[in-house]
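Note that chain A is present in both complexes that follow, paired respectively with chain B and with chain C.
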Partner chain A sequence: MPDTRRLLKERIAGTAMLVLTAVSILLTAAIGIGLYIRSEPLLARHSLGSLLTSSVWKPMKGEFGFFPFIMGTLWVTCLALFIALPLSLLSAIYLSEYAAPRIRRMVVPIVDLLSGIPPVVYGVWGVLFVVPLIQRSAGTDVTHFTSGYSVLAGAIVLAVMIFPLLISILFEVFSGVPLEMKNASLSLGATQWQTIKFVLLKKSAPGILAATALAVSRSFGETIAVLMVCGNMPLAPHAVTDACYPLPALIANNYGEMLSVPMYDSALLFAAFILFVIIFLFNLLSRIVLARIEKNLV
Partner chain B sequence: MTNTPHISVQNLNLYYGTRQALKNININIPDKKVTSFIGPSGCGKTSLLKTFNRLHDSALDVRVAGKVLVDGENIYDKQVEVTHIRKKMGLLSQRPFPLPLSIYGNVAYGPKLHGVKDKPLLDALVEQRLKEVALWDEVKDRLHTPATGLSIGQQQRLCLARGLAVEPEIILGDEPTSALDPKSTHKVEELFLELKNKYTIVLVTHILRQARRVSDYIVFVYDGQIIEFGPTEELLLNPKEELTKDYIRGFFS
Partner chain C sequence: MKKLEEQFFKTLMILATLLIVGSFFGIIFTILKKGLPAMNMDMITQIPQGGYYQGSKGGVLNAIAGSLFLALGASALALAASLPIVMYLNVYLKKSSVLGRITRLSFDVLFGIPSIVYGTFAFTLMIYFGNKASLLAGIITVAALVVPVMVRTMDEAFRSCPKELSDAAYSLGATRWETAKVLVLQAVSGIQTAVLLAFGRAIGDTAAVMFTAGFGDHIPSSLASPAPTLPLAIFFQLSSPSEAVQARAYASALILTFIVLVISIASRLLGKRLQKNKTRS
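Let's look at the complex of A and B:
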């Protein structure tokens, strides 16, 4: 009975996929719960509110304020996105709409290659080029003094790192917009730029958002390259030339080192938990926005 | 043909890379009539139609040589602004491609591009165009919903309304009914018959019966060349060229 066998296969495949999906969801949940449990000791002593809003970081004295780290993470990520998104949008538009096929064939593989370079290399590049550049261009005025190790340095390095990822996803997204749809706009007398603005970008809005979400998630978690150029001072930044200390850098720098200090490991795992929640909330938010966009326009 | 030609194609050649897809095309398309292009798949009908509003411009390895005069103006002249040429023509493609906007947004797209900002005026324009394609009653309660929510037949009429909204002189239809069911096809055909009083219509079709129903003139294209051109009945019933005869016999026998 070939037909029952086919149905059986179908069912096995379906079940297997369900199980695998469930495993990956459970694993994520387990990590979240595990982090929470390990931060319990800290949470038992301090209220959640004071942990999140306090700026005092004195582990030796048992004071753990995470506000500077949260701000450090948000500043670096937002600024990186602010730099990378417009540039990669323009590059991807150029590649998909204007570039000659010859150029496209050359550039796209290079962009893909860039995304394969290990983060530490970007970090070294940041230390050698970006940090000194920022230090020099900030001037010598005392009020503007900066070591160069700063939010800006972190953001630039991060932007350069997510740039290839963004370009290659956006390029795919733009290439997916049917030629006939663009022709429809052109044949109504729209210029190419109008067509890009009103049709290409609009049609690609969900894809652009998804690409951005991916890039942001990646930036939130990026550790080594950012750690090398951000200065790692536990103070909330007030300007882009201030040093900062993003959450992943905090964890990577200290985990396994000062664990003799009471509560310290609990605090670091709480930092990981905060990062987890930030990324989770961010993804949830982008899902909601995506659903909105898709409902309104297809 | 007593009318002066609306589109006049002179010594037109088109190459995709090194492959020649249109060979020395010469034809005069009469004003305010329906002219249909027929011919086997791959013979160059779409390619020819696209030369009329310079849709090959953005394609990178396509070369067009020769002249296309619209209202006496060679649209391939260096000085000619392409948007001004395209605005003269409404295009219907083989499948409807609504813009990623609402129903209203699709029809208002062209007028907005060309500077109509006044809301009541736009409203009136949208209503008028949708009525012109007999879609108004079906969509008037959901003008601001996505155009993709319409059936394919409705979408094709919407695309026609969208094209009419820029007040073109010419309607180009590339097998505009090929994705439609018989009823929608019938509707679109009727529209063409009404519209030909006001517009010059150029139609590409695979369906000889359709060509016969709606067109005044037929052009038979074969392998990138124009084989024969004449009034509908004459060409269908009394073709002069062997190739035309063979092609038509293939359909009616």
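Let's look at the complex of A and C:
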């Protein structure tokens, strides 16, 4: 009798856990579908092409051109990656190939702490340090007046935010390269740097790509830190010192207010839908690549 | 030539690492330098008085309390959801299970979905069901945001449990549910790390609580009342034209940074201490 009770417990627990697992997986789909349904009214009025390429943003007149916001997002993301990727690569190579265990034990916890700093604190740092720095360095140039609140400020803040993500994934990718391969190269007379260049980097190319894709999607979605330093002007930027207005900032600044304006909430949810789709795809692809890499190791 | 190239890149690598480490200390330095002068007892013991955002007296106790309630609630709720999922993945499912692979992949993907998307999605649901912004709505949204963090961290802890342990449990006639409970004890340090990580993420998040938790000058008294949070308090104070109010934003940022750093460091220390008492495989 007690045995049947134990088995019953086992069954019930199993079913409950299965349901919970299924629900949490379905959450991803629910978010995607929910955002799509809510952006449907906008998509019924305007064609996808005109929404993505028009620069006119006049919600009161029912004109929703997302081009400036998409460009703002792309500028900030690309520039952040341009800053963060080389630095993170160099640092991750150093940590995995050169650094003494003692130094690694000192650096890795600091990188972890960096990843724990809340986005809003990064934003405050950007306002207090990065923005004035840009303003001062560009201040004398009259033709390119800048308040400092710019693409560049957003990109620098974002770059620091994605350092920990990039370094931790790259470090793992590098430590996955078999030691025998490196030793073979070294024993043929290659220097350590040559081994890194021809063996390590080549072998980890898919992993580096996957890490980059994750960093891109992280930069795409970062909201508050970027919003605080990028100036929020609905114009496509032409220089790194121009202000810009990325998609997440658009949503954060406007959603929840003025919902009486027709189509406005639909337009903002469409912005969220764009973010969701792009980030979902980037994440999915890079995670599949990373899982493959991990499997080859075992 | 080869040597020169080697030396050149090694120097670059060290410089890059120094820059990254330096940026952490740079951020802490900036926050301390600007935050400390504005810091006083009122900041952490008072709620905002009338006209606080124009420079009147008061502090951000409401936001500190709101943030703590929200992060505690969200971590507890997320733990209640994540633990069964991780137990199911590791005990009930076989290693080669397709469902297990799909589940892990979808949590990895969910992990990347930005908090603004969670926030907007939750808010559309709230409009649909006619709910107002409240502590409870904030807790649920942030819990959904941190479940992936928890599942990933705890999954690793469960996976590193020695196989002999579950074999031993099974050979004594334990059911899978009973074995799972044994494994929980073994993975307790990983669970603790996961909870602290989630707590840190929950207390620092802005975009998910912006629409869902609301804001107010009082300490939330029930799950249905709006919950002010520190990140939003920082954001609002910083947007003020008054310099005195901006200074309070710096002090608030200092408080938030302090809380988050204490949690990060505590989780590292706890993790190390518990590791020692673990059965080794």
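Everything that follows uses one rule, which is that the second predicted complex is superposed on the first by the 250 of 298 C-alpha atoms of A that agree within 3 Å, B and C clash if a C-alpha of one lies under 4 Å from a C-alpha of the other, contacts with A are read in each partner's own complex, and residues count from 1 in each chain.
Throughout what follows, contacts are C-beta pairs under 8 Å (C-beta built on N, C-alpha and C of every residue); 3 or more make two chains touch, one makes a residue touch a chain.
All of these numbers come straight from a predicted model, not from anything done at the bench.
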*Based on the superposed arrangement, let me know which partner A:Gln194 touches: chain B (first), chain C (second), both, or neither?*
both
*Kindly classify A:Asn232 by the partners it touches after superposition: chain B alone (first), chain C alone (second), both, or neither?*
neither
_Output check: A:Ser147 vs chain B and chain C. Expected answer is one of first, second, both, neither. What do you get?_
neither
*Of the partners chain B and chain C, which touch A:Ser55 in the superposed model: first, second, both, neither?*
neither
_Per the contact definition in the header, classify A:Ser185: touching chain B only (first), chain C only (second), both, or neither._
first
*asked:* For A:Ser175 in the superposed arrangement: first (chain B), second (chain C), both or neither?
replied: neither
*Touching A:Asn254, do we find chain B (first), chain C (second), both, or neither?*
neither
*May I ask you to name which of chain B and chain C touches more residues of chain A?*
C
*Show which residues of chain A both chain B and chain C reach, each in its own complex.*
191-192, 194
_Interfacial residue positions of chain C with respect to chain A in the complex_ = 2-3, 5-6, 9-10, 12-17, 19-21, 23-24, 26-27, 30-31, 34, 81, 84-85, 87-89, 92, 99, 102-103, 105-118, 120-121, 123-125, 127, 144, 147, 175-178, 180, 200, 203-207, 210-211, 231, 234-235, 238, 249-250, 253, 256-257, 260-261, 263-265, 268
*asked:* Give the list of chain A residues in touch with chain B in this complex.
replied: 100-101, 178, 180-192, 194, 198-199, 202-203, 296-298
_Parts of chain A lying in touch with chain C, wherever the complex brings them together_ = 6-7, 9-10, 13-14, 16-18, 20-21, 24-25, 27-28, 31, 34-35, 38, 86-88, 90-91, 93-95, 98-99, 107, 109-114, 116-125, 127-129, 160, 163, 167, 191-194, 196, 214, 217-218, 220-224, 228, 248, 251-252, 255-256, 259, 268-269, 272, 275-276, 279-280, 282-284, 287-288, 291
_So in the complex, the part of chain B that touches chain A is made up of which residues?_
53, 55, 58, 60-61, 83-84, 86-87, 89-91, 93, 95, 97, 99-101, 109-110, 113-114, 146, 148, 159, 162-163, 166
